[in-house]
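Chain naming follows the written order as A, B and C, and within any one chain the residues start at number 1.
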Amino acid sequence: MSTNTPHGSEENMSERDADVARNTAHGKHVAEVRFPSISETQVIEFLKISTEEPSESYLNECLDWIKASQSYDRPIILELYGTLVIWTPTQMALVTAPRHFKKAEHAVLDFTTTAFELGAIEQALPSAWEHYENDIPNGFSFYNPDRESAAALAHRYKQAMSLAGRLSRLSPHIHLAPEHPPTLAGQLGERLRDRSRLVDREEFASEQIDTIIRLYETAGQRVSEHGLAQREYVLIWMIVFLLAAEIILLLVDLLSTAGN
Amino acid sequence: MNTPRWNIGIIGGGPGGLFTAHRLEQLCSTPLNISIFESSNRLGGKLLTEQFSANGLQYEAGAAEFYDYSLIDEDPLRELIEHFGLQTQSMGGTAVVQEKRVLGTIEGLHDSLGEASLREFIRFNDRAKTEVSPRQFYDSTSTSHINAGHTSRQEERFSTSLHYLSHKTKNYIQQHIHSDLAAEPSQTSHRYGLDNYLMNDPAYMQLYSITGGNDLLIHALACRLSANIRLNTKITTVRKNAQNTLELSWETKNGCQSEDFDAVVMALPIEPLKKIVFPDRKLETAMRNHIMHHDHPADYLRITILFEKPFWKSWLHDSYCMLDAFDGCCLYDESSRIPEARHGVLGWLLGGTAAKKMAKHSDEELTSAAINSLPFQNDKARKLFRQAKIHRWLGAVSAQPGGFQQRSLDTKHCPDTDTYPHLLVVGDYLFDSTLNGVLDSAEYAAGWITTMAADHELGQK
Amino acid sequence: MVLVHFVENLSSHYGQSSAGPASREHLWWLPVGLAAPLFTMLAGVSYQAWLTVQRDHGFDDCTISKRTVRRGLFLIGIGFAFNVFIWLPEDTFNWDVLTFIGSALIVLNFIRKVPIEALVFGIILVVVLSPALQGISDYYAYWMNGYFEYDFILSDVVLGYLVTGYFPIFPWIIFPVTGFILSPLLFSSATTPSHGLRSSRMLLLACLSMGCIVVSLLLQQVTFLPSLICRRTMFPASSSYLLGAIGVSTFCLFVLHSIVDQNQDEKNRSPAFEIFAIGFRVVSKHSLSIYLLHHVIHLWPLWLYGLMTAGEPTAHWQKFMPVIFSAILALFFCALVVPAFLIIDKYRVPTIESAMRWIGD
């Protein structure tokens, strides 16, 4: 059925009942969801309203709740087949019938995890770009033949590859094939991914990472070539010294014979 | 020594004729003179993008979407569109409106149909997918594997496949696919019915349209052709000459005119094909045989209405949904193709018996029926109504493309290979009633002519 | 160096004694005998430091090479002039330390871009080959009387330059090359903040120096090996001497660098340390001038006295006064030379170093 399962993230749901007394008959409360696998500070408030009433009737209440924290200007608002989802990076609200609630919640949390992971990768990109311009010459030839430069290039390559690995692990969750027959969870996930442009953002991030990796791969080749050339160079000089030693020995022998 | 040019006559200025001309110009190394004869005053056939006179807003009056098979294998039509530099946008729609309830998910189905019907539907879905894999679905639309020896018997009708289902489930499935089928389940085969159900699964096929109007494909083709295009020229007769060429005749103000061609391609639907006269008896027999085998007409009726604003966004989220009105029709949100548009455009696509029946009504009656068929906000619709356009496509597609007994590709495209090897037929009705099918057909015909021309050139040398 | 030369030239054969403090076999020669290795090693260290400054100032390789060669040739010229005018004309080609350092500069210019691994290999090669070269050239035949004597023929001159002279290329070239290699470990580039010696580098230097000393001591115990290898002799520079000298010189360099150079910027220094540091700075800056001056001061009076009293300049050489007096004179010279050169610096009096810079740069 639903393939939108939370992928490997440990979510510590710490319950904070913000308004339990208000609508206990239908189940309405605010929970705090953390994503320690992404970041220690990554947390989102989750307003859950499980009700048989039409979800449209809760739209204003949910929007007021989000506006009250002044966290975000343009939330994603999704009203779909009796389910209401309002999503911002710091708060989200879900209103749906009790029989659909668990699957819808699952789908929303799964999307949130994916969005946050992609956001974390996007935030890591500027630091990967930081040294790009300065490192471009090393893609052609290794100009700074010292260990620190090579180590720095290796570190940046590892950084970029790490980002690429994270992005490619995330990619199946972004490019989830649409389900057929469609399920509520599948539809929620698909539309949330659409509205937040996850596919485009993943493509942009991937292109950037590819560009960075290309440079550092090439630079790595140059470093390696330089190392090989250095070793060859050393060997050549050793041979030169050996030959010079031979010549000196012969010369000294010749001179001492001539002297005698 | 100058190589003489080959004269090719193409009857029909729709996608079939234009695709054929385009492929001939690409494939053929022999110099060609191509003439395209179109009876109407425009090119494009079933690809027609129109505008409302009220505000110039575009809508699709003919084929509303293209089928994307690129997930499974090569999609020559998609590649051609991309080759022309045309932008595309995805289309999709999961909802079926039944009894004023929008059923977009299986949860909704469960609430509406009940547990038992839902299980039946799931079983039908699973069986359909077991019977036809995405690869098999793709292959049924390509030219590669079909040959007469494989299909020795007639296929059973799709209605038989649905017979065992409960009324609710059968109803739901029929409404789901009725507008795609453009025919009743009894008029089409089991496999064709399944294909029309499975095309709703994104794993089998996806939909897209061309940004700016689907007929941009026609414009792109036409401006790249060096063919001689003759509009308002209706071919009346096709006969063979003593010189072994084919003579095409047409009526003008000055009387009958004719011209000789080394090869002729008839890229017409079955109905106009019936109206051409073939004086040669053998040819006439062959063509009659061809027509009879493929004559399974299906009807479409398009009702497109311009409103002051798109008031349906709360329940129609996608490019289209299926309505239970008119035995199941497809309701397009045409204005979703143009997100910046202030106005709203809805398009009803009726198919099959309902289309044939409703086509007899006047435009005003059709408009009123369409507005009444909306599950919600009918009053608002009436209030916001601006303009309506009706397009009748009766007999424009085939309910059973390829016939109930599949023939070989050669036989499909050349009704008489012995005596008239240079008279070919191209059409979507030979394959799957889609533009992809007509491109495949055109490809085949162009390849045939190219080979003939090359042989002829070698013979001359 | 000053002490060695004063004692050796004024007192080493005083009272016909070849034993005691004047004897090269005496233990006290061990530390004073380090002057030459340390001096030549410092030539390599300072050349590397000079190269860094040149590069930081943006001079290209060609300019650097020209300057190096000019300085090297200048030193060789001074060396010849020193031999002729301060010693004796017949000592022109005795290949003393100045001609050696000049030659070393030129050699360093050619090898400055050779990888360190290859240079280390070269050093080992020289250490290994030198006994063979000394054997083939019959080194002792040129040192019959305890000092270098040669016939003025091409082969002797060239052999002296290469193997048999006072400071021949083989094996003494290993000292400036070692200094050249060690310099980056001691100093950092002018463009980066000076962090001094890091613990890893300190460890490396300590291991290097201790290793060389240990090997030297071990070689001295292996008496069945030829004397050119196992005996600790400066002339000829045996293998055990070379290794011991490298080890101790490296250690001294490291210690003095840590104590003196690393504390240049410290604010809380005692007055005694200040005087100490000033002394080192002046001596370091004017080492070439001091070298020439101390020879002039103690040799020219000796030659003149010998000429006046016995008609022969070398009449009183090595037997003029007791060791204690020559040592005191040496110390007196050392004490006076610092203020003297401070005054020279103050009044910008031209020195040999400034002349070298004027010609070389």
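Keep in mind that, in the parts below, a contact is a pair of C-beta atoms (placed from the backbone, for glycine too) under 8 Å apart; a residue touches a chain by one contact, two chains touch by 3 or more.
Note that the structure is predicted; figures quoted are calculated from it, not measured.
Visitor: Which chains does subunit B share as contact partners with subunit C?
Guide: Where subunit B and subunit C share a partner, that partner set is A.
Visitor: Find the most central chain, measuring centrality by the gap between its CA centroid and the centroid of all protein CA atoms shown.
Guide: So the chain nearest the centre of the shown protein is A.
Visitor: Taking each chain's centre as the mean of its CA atoms, how far is subunit B from subunit C in angstrom?
Guide: Going by mean C-alpha positions, subunit B sits 99 Å from subunit C.
Visitor: Would you mind pulling out the distance in Å between where the CA atoms of subunit A average out and where those of subunit B do?
Guide: A distance of 44 Å separates the two centres.
Visitor: Could you grab the centroid distance between subunit A and subunit C? Build each centroid from C-alpha atoms only and quote it in angstrom.
Guide: 62
Visitor: Show which residues of subunit A lie in contact with subunit C when the two form their complex.
Guide: Those residues of subunit A that touch subunit C are 230, 233-234, 237-238, 241-242, 245, 248-249, 251-253, 255-256, 258-259.
Visitor: Which residues of subunit A touch subunit B in the complex?
Guide: Going by the criterion above, the answer is residues 56, 79-82, 99-100, 103, 177-178, 180-184, 186-187, 191.
Visitor: If you look only at subunit B, which of its residues touch subunit A in the complex?
Guide: Those in contact with subunit A are residues 92, 94-95, 102-109, 121-122, 125, 200-203, 314, 317.
Visitor: If you look only at subunit C, which of its residues touch subunit A in the complex?
Guide: Residues 114-115, 117-118, 121-122, 125, 129, 132-133, 136-138, 151, 153, 155-156, 158-159, 162-163, 170.
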